[in-house]
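Please go over the structures that come below.
Next come two complexes built around subunit A: one with subunit B, the other with subunit C.
This part shows the complex of A and B:
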């Protein structure tokens, strides 16, 4: 029966505008809630579905501050079996490790778990994190573990010895067949993640969370500062009301070359 | 944003209404209907849901409220929602998990009867029949209210706006942020609002109405004033899908459940169940900390839930509805923001310190259209139809107009949202903030303090415990009836009437008016003439324009052009606003609030004169110091003003003393009284037992905007020639037959058939016919107990209530409906004649 691991990241859930701190070195999170990156919510959902289909177990793992336990418990509340929290004293609040350091730490912890409990057949990552958006951690972990990885996945079929995964391309779907153990980076749209039930939420409160500490390796990326993208200015023009607006609308559609 | 729209933005308006939630929309709708034109409404958010508390409200109305004003606002709102076609009746059940809650639900039966709202107590099995998925095994019973409804508050808002627009009265601008409120010097030192500055330009305005809910403190600060509310979190989750709910095919197919003992509600929302909670810790924000629309994931008032706070409620909800909540998913969960105020009442009316700036804030969906109508009528006529006594934003003392007080009180009452709150219950927070100068003396006597205008006032003294046996005072067997009460009160009453007592009246509010225009100004405010000789006093009602009571108080003419005015602690700030907002603009009357300059000690009882004669060399004989007069005398070296009057029906005086002398005077009175066995007497006697036996009416209990001077039995034989506020209405009231007459009733039998013990009413019960029908007068007003209390000297338990003339006949047998049982009562006195010592011989000789 398959053993599946999902790696998730605690990220802020921003509003329409991302506000930066005064010194532009971080996102201002005072009004924000936190969540699991949306791609990873789909990864968690997929792991639960695969276990529902095939049996086995789903484990969720995160590297992050103490507060990231909230995201682990959320995963447990929707049906993940086991939770692992990788911490380090430098991981406080919104501090973030660069992708190299993160990947090294994850690979080390995963290797440790596998040494004790056996290998994971499938490791799922979100395609990229919702905050840093580095697109690197899954690939780097796969590389360190010596396993194949495909990113951008929107469909997974798990077999005994291989996994079939699909991703969208401009002309249709690309279909990949990966021998197990394998790593996949998944995207929103893979499934519609469930929400926790009341008993699920209550159960997750009491679930044990394994913790381990790792030392960061030196990474290549350093955050200098953030800048907001220029705000999109929306111009609203009233074309008229009721029937009187019809000619103007037709004219506009023609001008836009839609007719 | 198009430039064309910018050119349309107005630069002036008769009235600017800030806010387009259900309240702001209601206000523009009602103002337009009442004839206002040139109304400009702005909101920083988009329409129809600008992102305030309206947008995430659960939108249900449980119309029953113990408080008459709130029940009236609920019912008026339900009527308006119905008339707009957005009110859906689904019924509601308040469930009890404990016997103590069942007793509270019996009390709710009384309130339902008072306000004519259909309701009945139901058994667990009956609840199960209506709500098949409920776990009835944990229930003791419930209170079923079939007219509980859910409204579409956003649609109602749109209808209100459209009505105003159809009248050509309103322009509404969404996405407009207020940047400043401009004030200038107004009359008599107040400020006056003149303009609203927005991110789209300045609008000069004669009037401005703040209807911005949780943002109110921020806008008030722009105008240099204060609106006492705090944004507070109310947690809510939406759980679904639930097949049994989906199958109804309705937004609401089952009654709404209020799980009172867990402070939660379960309200169907089509195929899912909304579970809301007031059980969590108080979570407050500051208005300026609320995120902007752009910074918000959902809306500024739908904040990320702090789920740990909700978890205990999940367990309780699961216990209540295990079958349907066990598998459904939590699809939506928020820390929703709503407005709380220090006393849990709305904030409606004119700002006390900025002319023409009005507030309609801290209003919930259930009372919003009613509150909007109240505000609009108030702005139009000077007085709304529903008496705004509790909602009036001018009701706060200065000490209460700051965040520290607001948060302390809101934290306290938030945790009583579905609580069982005794009508006499006292606040635990913000105690010791205002104390009398001789507080240490009363404390040493074991005073049990109740608050009066925020001041610690002894209600009874434990040092008098021995008097209970001496006078043979009976206790009260039921814990509820005895809560916040002591038999010592009745014992103090009897001891005072036996010899002499001294009463701490430090919370009295004292104003002084002087200047050449004083007499004429006061004449314009009062029903009874103030044109009396220097040294004499005036008792008088103050009326609103409709002839309802605005206040009742006592004045002393202490010099030709100087009057001292004393009013009760509970209405001090409202009365202060009423006077100061009417002061002539020509400076001919000078007003001072001397409340903090004076303490007041009452000395009453058959031996009061003997004690007084020991304190002063002045002549205090009946001839030398007649009833109703005032003199300045010396207690040794200390000057005091004596006023021969009584609210407890005994010979004696109110002693007005400057605060720095007050402690010394307390000691002098106590020492002089020693040989007569003087006892300290608390407000339990002063405000209830002594007052009731004399039939004295109290503002806020017997006297309010909905009853007339004639009905209260306070009309004098003649009307003064001078004009005064409410005179026209008063003259009409004198001409017509009164629709009700205030009566004193006696309880004839206290024995409860259900409990097998004697029960004692606490006030606000329904007076009924002998067969239990409530009594409604020809103006639609219900006979309700305005005050209930012991009459220790008379020997019976007394109730005051207005009755229609046909029943206001001495000897008529009626009932009082208390805790869902009827008790026989008899009309003992019709009108204002005291039931005890009807000729006032004891105090006037």
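This part shows the complex of A and C:
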């Protein structure tokens, strides 16, 4: 029966605009909620579905601040079996490790879990994290574990010895067939994540979360500060109110040559 | 002399518009003082025919990478091939365009070479011996990050559509030296490869439509999309939606616009009942014209749109379709 692992990252959920701290070194999260990156929410859902289909177990792993326990418990509330939290005193608030350090830490922890409990048949990552968008942590971890990985996956069929995965291309889908154990980087749209049930939520409150700490290795990408992307300031032209505006809308469509 | 290796992406021997942008990015690096020449890297014999054209885009030489396993796209084999070139040639930098494949191949190559990788760079701010100051995008393009890349070889992807993908005037009449490199590759390199394809019927799609009628939470239900589908049909356009809509199961994810959905650039984007969250906005900000229809005049989408109508989309859209039918009959 398959053992499946999902790596998720806690990220803020900004609204209309990303507000920065005065020194531009971080996102101002004072009024923000936090979430799991959307691609990874789908990875969690997929792991649960695969376990429902084939049996086995789904484990969720995060490297992050103490508060990231919230994202682990959420994963448990929707059906993940086991939660593992890796942290370090330097992981506070929005501070983030470099992709090399993150990958080294995750690979070390995964190797530790596998040594104790047996190998994971399938490890799922998001295609990219919502905030940093480094496009590499999954690949680095897969390489360290000596396993194949393909990114951008939108469909997964798990077999006994191989996994078939589809990735979106401009004309349809590319099909990959990877021998197990394998790693996949998935994208939102893979499935429609479920919401937690009340019993699920109650269970997740009491679920044990294994915690450990690792030291960061040196990485070569050092984030210095942030800036909002330049925004065009537009003068909005009001075409009217309610259905009375319909002729003005059709005039616009006609003017643009789209009628 | 130190070279910049520029991955020239292709799909079974066919180049895309973004393929040429890695050479534009390499030229930007040269201009910033990194390296002294550009070597295009073309992986797989099926793309040999593309090599000769690349001089016009600034390539001083072209390396065609051959191996019997290098047929069709195989991320691990491509990544290993690039890592072999890094080890064999000690380039100053390795670049690609920040597409799905470009980022994937460079992630593999940098993991194997055990060096840092900066994805989706928009600007090289300054260059020194073993460190670069660069700007890259985060949050799918809504935030810029200034960072420092410290490495013996700079592995970077350039954000798609930021760098020049046109032939460069400086290279008119130039020719590039052609080389062939026979890759070694590991036994396992070919395990991650395209083994089959599913082709979807083409037609008007969200990414190609001139008009996109897009709906958000304000549409209220799956059935509520009927007037959007009707208007899109009348205009030969496509229907789009926000993430709230896909999360509610009202529309398939293939209709979703935004950071974790599609990036589109239609002539006209009609945003109906969409508040304009930054993650939605990055997916449609390249639209030529935006019309917001919203009950809330204070909605972010209304403030950012070129045109706006305040009111209930369920009243306005049927009236617009009726008006179009009236004018056409």
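Things worth noting here:
Definition applied: the second predicted complex is superposed on the first by the 231 of 259 C-alpha atoms of A that agree within 3 Å, B and C clash if a C-alpha of one lies under 4 Å from a C-alpha of the other, contacts with A are read in each partner's own complex, and residues count from 1 in each chain.
Heads up, the rule we're going with is that a contact is a pair of C-beta atoms (placed from the backbone, for glycine too) under 8 Å apart; a residue touches a chain by one contact, two chains touch by 3 or more.
What you see is a predicted model, and the numbers here were worked out from it, not measured in a lab.
Once the two complexes are laid over each other on the shared chain, residue contacts for A:252 go to subunit C alone; subunit B is not touched. In the superposition on chain A, A:216 contacts neither subunit B nor subunit C. If you count the residues of subunit A touched by subunit B and by subunit C, you find the higher number for C.
After overlaying the two complexes on the shared chain, residue contacts for A:19 are found with subunit B alone; subunit C is out of touch. When the shared chain is aligned, subunit C comes close enough to touch A:179, but subunit B does not.
Applying the stated contact rule after C-alpha superposition, one finds that A:238 touches each of subunit B and subunit C. Touch criterion met: A:31 reaches subunit B, while subunit C stays clear of it. Of the two partner chains placed around the shared chain by superposition, subunit B is the only one that A:201 touches, whereas subunit C remains out of contact. Residues 14-17, 236-238 of subunit A are contacted both by subunit B in one complex and by subunit C in the other. Per the touch definition, subunit C reaches subunit A in the complex via residues 11, 16, 73, 75-76, 79, 98, 100, 103-104, 106-108, 110-112, 114-120, 135, 137-151, 157, 188, 191-200, 202, 210-211, 235, 243, 246-247, 249, 252-254, 256, 259-261, 267-268, 275-279, 289, 291-292, 300, 302-312, 315-316, 318-320, 322-324, 327. Residues 13-17, 19, 30-34, 70, 194-199, 201-202, 205, 235-238 of subunit A touch subunit B in their complex.
Contact residues on subunit A toward subunit C in their complex (touch as defined above): 14-18, 27, 38-39, 98-100, 103, 128, 130-136, 138-140, 143-144, 148-152, 166-167, 169-179, 187-189, 192-193, 219-229, 231, 234, 236-243, 245-250, 252-253, 256, 258-259. Interface residues of subunit B facing subunit A in the complex, by the touch rule stated above, are 1-2, 4, 239, 289, 291-297, 303-305, 307, 311, 314-315, 317-318, 325-331.
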